[in-house]
Amino acid sequence: MEYLLATAIGAMTAAGIYLLLRQRTFPVILGISMLTYAVNLFLFASGRIAINLPPVLLNKTPTYTDPLPQALVLTAIVISFGMTAVVVLMGLGAYLSARTDHVNLNEGQDDSAEAGK
Amino acid sequence: MNADMALWQEITVAAFLVIAGVFGLVGSFGLIKLPDPMTRLHAPTKATTLGVGGVLIASMLYFFFAKGHLSFHELMITLFLFLTAPITAHFLAKANLHTDVKRDEVPPPAGDRPWAGFESDAARQIAEDKGTQG
Amino acid sequence: MNHWIVAPILLPAVMAAFIILAARYQVALQRVFSVASTVALLGIAIGLLVKSMSGDIGVYELGNWPAPFGIVLVLDRLSATMVTLTAALAVAVVLYAIGSGWDKRGHHFHALFQFQLMGIFGAFLTGDAFNLFVFFEVLLIASYGLMIHGGGAVRLRAGVQYVLYNLLGSTLFLFALGTIYAVTGTLNMADLAQRVAELPADDTAMIRVAAILLLLVFAVKAALIPLHFWLPATYAEAPAPIAALFAVMTKIGAYAIIRMYTLVFGPDVAATADIVGPWLMPAAVVTLIIGMIGVLGASHMGRLAAFAAVGSMGTLLIAVALFTPQATTAALYYMIHSTLAGAALFLVVDMVRARRTAEDDIIASRPAIAQNGLIAAYFFAAAIAMAGMPPLSGFLGKLLVLDAVRAHDMVWVIWAAILVGSLIAVVGFARAGSMVFWKVETPPEGEASEAEPSPSAAALPFVATGGLMAGIVALTVFAGPVTAFLSDTSAQIFDRDAYIAAVLETPRAIEAESLPHEGTKK
Amino acid sequence: MSLILIAALPFLGALLPGLMIRSGRTACAWATASVTLAALIGLLVHAPAVMRGEVIQYQLEWMPMLGLNVNFFLDGLGLLFAGLILGIGLLIIIYARFYLSRNDPMGQFYTYLLLFQGAMVGIVLSDNVLLMLIFWELTSLSSFLLIGYWKHLPEGRQGARMALAVTGMGGLALIGGMLILGNIVGSYDLTVILQNKDLIQASPLYLPALILILLGCFTKSAQFPFHFWLPHAMAAPTPVSAYLHSATMVKAGLFLMARLWPVLAGTPEWFYIVATTGLITMVLGAVIALFKDDLKALLAFSTVSHLGLITMLLGFGTPFAAVVAVFHIINHATFKAALFMSAGIVDHETHTRDIKRLGGLRHLMPVTFTIVMVAGLSMAGIPLFNGFLSKEMMLDVATEAPWNGNHWIVPALATLGALFSVAYSFRLIVHTFLGPKRDDYPAKPHDPGFGMWAPPALLAVLVVLIGIMPALMVGPLVATASGAVIGGELPYYSLKIWHGVNAALFMSIAAVAGGLVLLAMHRPLDAAWIRARRPEAKAIFDALMGTVTGAAKALTDGLHNGAMTRYASVFTLAVILAGSAAWFGGTAPAPVREVMAIGPVPLIGWILLIVATGCMAAFHRNRLLSLVLMGIVGLIVSVAFAYMSAPDLALTQISVEVVTIILLLLALNFLPKHTPVESSNARRFRDGTIAVLGGLAVGGLTLAMLLSDFSQESISAFHLANSKPGGGGTNVVNVILVDFRGFDTFGEIIVLGIAALVIFAMTESVLGSPVGAWLKQRPINPNEAGDRHPLMMVVATRVMMPIALMVGVFIFLRGHNEPGGGFIAGLIVAIAIVMQYMASGFDWAAARQRYPYHMIIALGVFAAALTGIGSWFAGRPFLTSNYGYFQIPPMGEFELATAMAFDVGVFLCVVGAVMLALESLSRFAHRAGDRPSPYPMDIDPSRDLPQEAKDA
Amino acid sequence: MILSYALIFTTGCFALALLMNLWRVVSAPGVPDRILALDTMVINFIAILVLYGIIEGTAVYFEASILIAMVGFISTVAYARFMLRGNIIE
Amino acid sequence: MIARILPHPLLTLTLVVVWQMLVNYVSLGTLVFGLILGIVIPLITAPYWPDRPRLKNPVMIVEFILVVLYDIVVANIVVAKTILFTRNTAMHPAWVSIPLDLRTPEAITVLAGTITMTPGTVSSDVAADGRSLLVHCLDAPDPDAVRDEIKQRYERRLKEIFE
């Protein structure tokens, strides 16, 4: 189980980094989203993992999984949602204003033909 | 898992589960097997919905038999899925009509105006300006 | 119960909400509320500063939960200093924004500005590592909005980079926090300090990774090479008042480094002792050099100011990287100085930009601008300050840093870097200043010499910028008392036990054991 | 007068010219002059005491921590220099009044001049080396302003920058040297430093300190190879040249060498560096001066030469040489200032400084001629003028200075220097004033007014008086000043005209004779000089600066080229490398936790996740597909959360997911649907490598973490224990969110609120720009299907919205005790509203929205903040919660907690923020021709039914 | 006992179904097919989650299931609208 | 007055039932609370559901639901057989246009949904004038039969319920 989680987080990180290194805002934003999944799971895993021990005291189990990382991840999810929303909009605004969605300022001056499609 | 169940109870639950599993699998299999987008649309909207419905009923029965209280939650999910599945299918059919089907491949509707998906915004506005739907 | 500690966070939050609610469409009202709030914040900040001078560490247990279980705010000399510095800067910035009309070039300037202040104050005051992340995010997202305030293709594209880069930083922050929690099981900084110090010697790899990742997070904020790449375009393209406010943003990174790497991963913590200083120092030196080279190589005034900011961060981090009380004093003094000077420089650049026909800031000959002499004088003063030339506080700060570095192994390299860096900056500033203010393009024959009427004869921008200059002068004249206070501050920073004791063993903790939260059956 | 006042007066007075200029140029000059005069008088008041050997001191604490204090002291050396600075300064001020034209901003000029004067006085009076450094650098800055005073002249700007670059560099080196010095001695106070000769010279840091300090001195005093800036500084108005480049700034380097002479001099290092540099400079300057046609350039190189001479004298390190140096400083200041001012007069009157265009002025400008004659002869070292005396003594010293065992090289070169000195001095006089009158002067020359010639004339008188009666005129001054330099017993010397027949006399005669020969041969020599290829200092400097600036620009622009992809790869690599280094430098924790068995369900999830993730990277160019895949990854992640005992997270993740997808779809509508292939294979491979490294690093770290244990018990044990008794809730995650760590949540909802505000503001800004107009006018996509608001969707929404709201209320209310809470409830409600927007369109739905989303956000923040503030009234800190159980008959017992009010704030903020963001984004699609839909659905056959049928 | 086998069988069925769905998402000839596969996948996920609830004998996954159902619906509609009109809110 | 407080009694009833399902047990307290929500939520959402349809024959709903449920089960087996055992080439997919007598959007929606949930048919589009329904059949050798059965089996009943 631990190996599954670790490899999954690793795979998502790798995919996230790969997309992050692309040259257009859209894949880069998706890359960041992938990284966000990875880091959220990572943060979650910092409390170690447990199956069917939700930190809800109504269940009559004597042990619970660590609730604190869950709260932290919740905060992180919300924050990264806000960030993603902003960056998506900024990417769109930049694309509409500059007629290019190249992330590199030194490139992408010449694809205005694509705009508006 | 709780084993405090009579055999017939177990069999009932298991039967629902097996049926559900088969339908679920068939639905997804149909998605691959069937020949064109419109026929593929039939498989999951029915089989899968029934499949998940079977699991939900199994779950309901299981908790009723094992824990002794009747859970409505499963019912609610089932209802919700039955409510939304036609809408989903409708939209996907519209999408298929839009991408794969030409206007003259489908039979014409009864009235003067075309199928909604084939009517342009401008034509619709003109029709609306005439103040009548027919 | 001293609720004043939480006031710098709450007041701007509530005020921003109020502006959105009641004055969404009335710029005049927004201005009134924004200025009132900012001035009040300065008052509160000064009050807190005075309180902190006693040497007592004020602890505010949010939700009445004792540390380390709840979140605490901690007011010591360091946080009080940073809060006051920010508040003072904010007053100048908000006045400039109003005077120059920048606040009217888009929506929600003042609300975002207040939220921005909230985030910055929160970052300075919090005593909890995860809460620090939250406030980083608050200040960042507000800064995203402010950075693209006014819009425009170039600014938006630069803004996208700024956001993307910082999203990476935020992701890294979470990785670091996860690692920290996984090792120590706590988030409170004081508690962390205790637990990290008690870690077994055969379990250091994870905490070392946490320490270095956290350092990199702060290094992004502090624009430390090679993580500084977000800064030049961001600062150059941001609206001037915002670039000026951003002068304190980089300092947040420096603040966080000082805080975390004295308290938690202090120089005497065996597990992490060898990773922070040795990494930080060379990077800081290179940052300084790259920044100063940028000043010389910049073709636009905005970028010149941005690279000056990078360079100043290099100098500052050199002092920080020494992790001695004396060097920290130097760092703090230089931090105050470079914040004021950097901000002033951005405002001066904007004055030039606003008065040019094309509203550009290229370093080249252009027709004479209105108030050329006065603005040139401002530029001269700001340049002197940024380059660390006498007689302003930049020079004193630089001397403090040079003096503090004497015992370090790399003293020659560092001295050379600082001094050569200053030289490059001086040459760069002289080049820019003489091109922009002296080499004035003569208008073609037959045209009036003063073709451009003064676009904004408003006094407010000059007052705001002058206020920052006055701050620099005051910092110079009162260098003695200021360094004395900062020396006390450094002493307090390095007195980890006092901090830990104040946070973890406040009188409230005893009360908390009897749980004031008891639910009463009614 | 207190020393600080003497130093401060010029600075304070610098404000005066700006104010007085409105009262006229003369008033302005008088005000300026009176400031300098006051300071001079203040200084002279101390003269008797200083002459008696006393040292006047003033001390004020400034930065005790650094050892930087406002400590001044006045001894003989200080008195000499301060006297020169203020005395000549006074003359220059008067001279400048007449020299500057009406177009020159005189107020500015005097302000700069006074700033400079103050800085110079500061240098010579400082008793604290750090304080001195401040004044030192100030002279560089103020001279920058003075040299560039005529900003319309490109030479002025370039000269100013060159001077600043060179002297600034030296100044920075000097800082290093002074810091070392202070470090060796343990004090930055000069008086202390001067008493520690042995300590300093024994220190291993002596040589670095010496080199750094000398760098400062040599650059300031234009010593070879830093001499080149001085001639280019001649672009300044002549008063500036006369002041800075004869009497003051360039002498600062000499001053400092003299000041530190007691502790630095006397070592071989000192001798070889200082004396050699001085010697070379003296000869080189003199040679070049001969071939300069520009009067001021000639004087500038002559100054370089004389500064070299004095440097050489100081470098000898003998007390007698030091005395000679002091004496020559005085003499040089007098004749050189006079010459500069005279050159200015010539320039002013004839409108040229080119010697080749002059000649014969003797008849037209007799007064000026007389002054130049006197001062020039002095410069040439002709008896009866003061220059002769000190030069004679210099040659005398030179004969006793073996260089690396060689006894003749120094005297020979000194003689050579003197020889050229004679030549150019005579050339100055002869080629400018003698010879026939010309008829092609650019302007008609005549002597200037009294105000302009009086200052140089006064100096010329001094030249003569000192030349005739040296002991009487300057004997005591030289004695006190050299006493201060030597810092001990004065050697035997005598200031008199005739020293008898000695080697120096012969050398002197040889120099004069040779000089005259050289002058006679000037024309062919000059032609040869012009033909000769020699390094042109300015060209080298310009090339150097150009290269450096170009390199800086190339480096800066190359490094910061705006390539986000590169920035991101550097970032990622830096993190991976630093993290790995940290990891491998420590001890890894032992895997202590038991590994859980892999069940079938997680295995399926894992396979799905890996496949989806891989496909996402592989197929990222199809943007819609990659979005779908991302949704799948999000779905799996949220199911994984559910599986791993985190129901709250699962709920949050899944609801955030859908809103994100809607946002991205809204944006993708305007973006290209495909990402072009842009990266080369090599680059993709590189990126892939970085990605794999990152994945391995993170995966490895995760595994290590999962297999290790907390070092101490986690603080969450407290949360589990106190959630119910302390926070009144059984869902510990929720209690942490709204109570234990409610402050995080407070920040978090503000982040959301800000996000929405930013999005709104940006939308406004983009739509308000030309882009907005372009968007409105864009053609309708012919590829759009009909049916904007499908009937079935609308009807389904009508039923689902109330149910979704119900679910929202349910999730909200149970949040404190079971999975749920304000955040998830807010998202559910937002999704319900979004459904409505999708079904019936933006306009129709927005028209039915009663509360602006801005307001909802603000109310959310208020609700959260006020709930928190409420606890103040109970004397508790912000966000302290309370709860109770209440009984209302039909509904049974239920719990109310203040945390719920806080959660309402969260709820409102989420709803408002999500909706404001989506609403803003959907406004991009508005087109000019679009008609707001009057109906909730496009197709509604019931609209055709008669009204009665509907009512039935 | 029977129940256990039934659970394993059904879980296996849905797992297989999910893999087929994912295969379809990636390889489908047209976008509507992908969306259809995604929608099916969501429903199958719900089934898996409910099955898991039976295996673990807990009901805490109910909220997640209903939310997934709701969200799956919305996103499918959004994707389809995107296909049809480009703009999903107009 | 009652109409203003209870704009749609059936919706209120549905919501009360949904609430019971959500809280998963029935008590007086939950009923009362559910009722409060069942009244308040329709009031809040009323602007989004103007022109609410009247039900003429609510009893008919039960019959309709039973018929449909039966059809769903039977039909699924048919579809599963088709998918599994009919070769693709042997299938007869077809489009059918069904003229509508129903006029209220709610009724049309229910009909369309029913068609989709029952075997082998998916309602794919509505005519722009709302008077025809386009249905796709998975395997319909005789499309006219499909049309007649739909009209007879479902539309007739719906017409009784709604209009």
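Labels for the chains are A, B, C, D, E and F, by order of writing; each one numbers its residues from 1.
In this text, contacts are C-beta pairs under 8 Å (C-beta built on N, C-alpha and C of every residue); 3 or more make two chains touch, one makes a residue touch a chain.
Chain-to-protein mapping (UniProt): A = Na+/H+ antiporter subunit C; B = Na+/H+ antiporter subunit G; C = Monovalent cation/H+ antiporter subunit D; D = Monovalent cation/H+ antiporter subunit A; E = K+/H+ antiporter subunit F; F = Na+/H+ antiporter subunit E.
All of these numbers come straight from a predicted model, not from anything done at the bench.
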| item | value |
| --- | --- |
| Any chain that touches subunit E and subunit B | D |
| Common touching chains of subunit E and subunit A | D |
| Label of the chain whose CA centroid is most distant from the centroid of subunit D | F |
| Chain pair that, of all pairs, has the most C-beta pairs in contact | C-D |
| For subunit D paired with subunit E, centre-to-centre distance based on mean C-alpha positions, whole Å | 59 |
| Rounded Å distance, subunit B centre to subunit F centre (Cα mean) | 12 |
| Subunit A-subunit C separation of Cα centroids, rounded to whole Å | 27 |
| Centroid spacing, where centroids are CA-atom means, of subunit A and subunit D in whole angstrom | 38 |
| Where subunit C touches two or more other chains at once, by residue number | 130, 134, 137, 141, 144-145, 148, 151-152, 156, 161, 164, 168, 175, 178-179, 181-182, 187, 233 |
| Where subunit B touches two or more other chains at once, by residue number | 22, 29, 41, 49, 71, 73, 76, 80, 83-84, 86-87, 90-91, 94, 96-98, 114, 116-117, 119, 123-124, 133-134 |
| Touching two or more other chains - residue numbers and ranges from subunit A | 20, 25, 28-29, 40, 42, 45-48, 51-52, 54, 56, 68, 72, 75, 79, 82-83, 86, 90-91, 93, 97, 103, 105 |
| In contact (per the touch rule at the top): chain pairs | A-C, A-D, A-E, B-D, B-E, B-F, C-D, D-E, D-F |
| Footprint of subunit D on subunit F - complex, ascending | 11, 14-15, 18-19, 22-23, 27-29, 32-33, 37, 41-42, 44-45, 47-51, 54, 100, 102-106, 108-109, 112-113, 125-131 |
| Residues of subunit E that touch subunit A when the two form their complex | 56, 58, 60 |
| Subunit E contact footprint on subunit D (complex, rising order) | 600-601, 604, 607-608, 611-612, 615, 619, 624-625, 628-629, 631-632, 635, 638-639, 642-643, 647, 650-651, 654-655, 657-658, 661-662, 665-666, 668-669, 781, 783-785, 787-788, 793, 804, 807, 811, 818-820, 824, 828, 831, 834-835, 837-838, 841-842, 918, 922, 925, 930 |
| Subunit D residues touching subunit B - in the complex, by the definition given at the top | 780, 784-788, 790, 792-793, 796, 799-800, 803, 931, 938-941, 943-944 |
| Subunit C partner contacts - residues on subunit A that touch it in the complex | 20, 25, 28-29, 32, 35-36, 39-40, 42-43, 45-48, 68-69, 72, 75-76, 79-80, 82-83, 86-87, 90-91, 93-94, 97-98, 103, 105 |
